[in-house]
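When the chains are written out, they are named A, B, C and D in that same order, and each has its own residue count from 1.
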Amino acid sequence: MGIRFLVTGGTFDKEYNELNGELLFQQTHLPEMLTLGRSRVDAKITTLMMIDSLQMTEDHRTLVARACLEAPEDRIVVTHGTDTMVETARVVAQLVPGKTVVLTGAMIPWKFGSSDGLFNLGSALAFAQVLPTGVYLSMNGRWFPWDNVRKNKTKGEFEAISTD
Amino acid sequence: MGIRFLVTGGTFDKEYNELNGELLFQQTHLPEMLTLGRSRVDAKITTLMMIDSLQMTEDHRTLVARACLEAPEDRIVVTHGTDTMVETARVVAQLVPGKTVVLTGAMIPWKFGSSDGLFNLGSALAFAQVLPTGVYLSMNGRWFPWDNVRKNKTKGEFEAISTD
Amino acid sequence: MGIRFLVTGGTFDKEYNELNGELLFQQTHLPEMLTLGRSRVDAKITTLMMIDSLQMTEDHRTLVARACLEAPEDRIVVTHGTDTMVETARVVAQLVPGKTVVLTGAMIPWKFGSSDGLFNLGSALAFAQVLPTGVYLSMNGRWFPWDNVRKNKTKGEFEAISTD
Amino acid sequence: MGIRFLVTGGTFDKEYNELNGELLFQQTHLPEMLTLGRSRVDAKITTLMMIDSLQMTEDHRTLVARACLEAPEDRIVVTHGTDTMVETARVVAQLVPGKTVVLTGAMIPWKFGSSDGLFNLGSALAFAQVLPTGVYLSMNGRWFPWDNVRKNKTKGEFEAISTD
């Protein structure tokens, strides 16, 4: 009863193109990060797309939801850009009943050394193993239900909408 | 209702002494690691000792258990050397009822760059927030109840004793 | 009889802005890099500007040359973007007689972890101490006189124009 | 007319054994360091031994000198532990006329992330290309003739014996 990772790109996987000084996507770094973390969780990785989450359309989000549905696993981690992570979580929540789906990402690309990505990956993988059925975001060491979270773009962190 | 971190040392916090080429302990790196991970969990840190877990006596383990008991928080992460993490977990389990305590550590010192410590810290912090009352180890992206885990010293990883 | 460092920006000093995902300049990282390299060279650092070398005008280059002239030291290292490093070297060569000036930079920002910047800094500092009067580029572990070097933008490296 | 690298081990190449927590030698990291520094110097690497320089006997030092003599190149960089680097330089100076030999090393292992090794490698490679015939140490961004240098073990840096 393993974990499925669905990769969509986002800052998590951005790299620096030294020939033109721009940021780009190549392969996901998820496998090397799991190796570095010495993960022994039974995990499979599927790359769905490699894009900035600002480029994501409703079709892309539906594709993520469908991949959650079709995965044999009931526990799923989605790596995703932070800017529209909440929107994708909403689509997944509408279309994917009966599974535990945790979306996570990074504020700094993993390849840039001081990344929060490895920490977030550790958290998301843990939350995905123990949270009950539902759709969640995991950022800043915390977890949020999909319908009570927003990105605070001034602070660059995620927070609950209401704390009742 | 925050998290209490109790620091005991271990490989997690070892450093390299460039004057004599030996490994040593100085201050814990936990605060900078939480900053790097952009943790926004309400967390307080107490350093209990800074030692290799092979140097730990029964008194040291009792001191860890007492600190768990006396902490105002019900959810606690203990950073610990891997070699005797299981033994300390046993003592904590005997003396600390009614709290969620997660022990974690690292195979490579955080200061040595390719550390599994940041990943483990993310996982342990997540498990400590959601697991029910009990004493657990968190290593290799996984969690184990204190009485069903051992360190496989050949592989350098943790595993369940029985998988029934 | 120390070394003067003149900082102009370039990839060497670029950072990642985690709030908007763009690259930016803040302070130079030269002091921390010299500390990391345990440099004990008598060195002083002057930041002239913090810009991409594609933004450099002839006025900027003249300003660099004037700073070389006015520095009390005879041996100078200029950190610079790679795209127009050769053009600035030409202006310095025209205006600054009687000093040893070495321009260097990086293909990957220092802050992005796998940077060539620390290696180049070590090389440039060495070349500046022992090369005779003249203006040079130091990249890829090599040194080039200012009038026999070009950036190969396809390979992302510097090469001699003629090898006679 | 390239550069020959002779590898002898030293802190430069030490690694951490995560199974027993001790330091050890495996392969030299010189090739990956030159790749990271984007070196385009024509360089060949020979590993002579992989030992701590405190273990070096007079025979080891003679072996280093002989390898300098037998190398087809006239410009040589020797990577070496810092504790007895000066002693090996003396033996090389006695036995190897007519070549430029630069010994260098590191205070922190390259694999431990915050190493001075990459900086020293850049400096040593530069000095080896431009210094006249002779035997030198390159550490702390500086160069020293073999007979006017000592390691200050309190400060962990190299210094001239006399500064006349």
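The definition used in the following text is that contacts are C-beta pairs under 8 Å (C-beta built on N, C-alpha and C of every residue); 3 or more make two chains touch, one makes a residue touch a chain.
What you are looking at is a predicted structure, and each value in this text was computed from that prediction instead of being measured.
Minimum number of contact steps separating subunit B from subunit C: 2. Each chain's centre was taken as the mean of its CA atoms, and the one lying most distant from subunit D is A. In the CA-based superposition of subunit A onto subunit D, the rotation angle is 180 degrees, rounded to steps of 5. Separating the centre of subunit A from that of subunit D, both taken as means of CA atoms, is a distance of 45 Å.
If you average the CA atoms of subunit A and of subunit C, the two centres end up 39 Å from each other. Between subunit C and subunit D, the centres computed from C-alpha atoms are 26 Å apart.
Multi-chain contact residues of subunit A (touching two or more other chains) are listed as 107, 114, 156. Chains that are in contact with each other form these pairs: A-B, A-C, B-D, C-D. Across the complex, subunit A is touched by residues 33-34, 36-41, 107, 114, 116, 118-127, 129-131, 138-143, 156-159 of subunit B. Residues 11, 14, 16, 18-19, 21, 23, 52, 107-109, 111-114, 153-154, 156 of subunit B touch subunit D in their complex.
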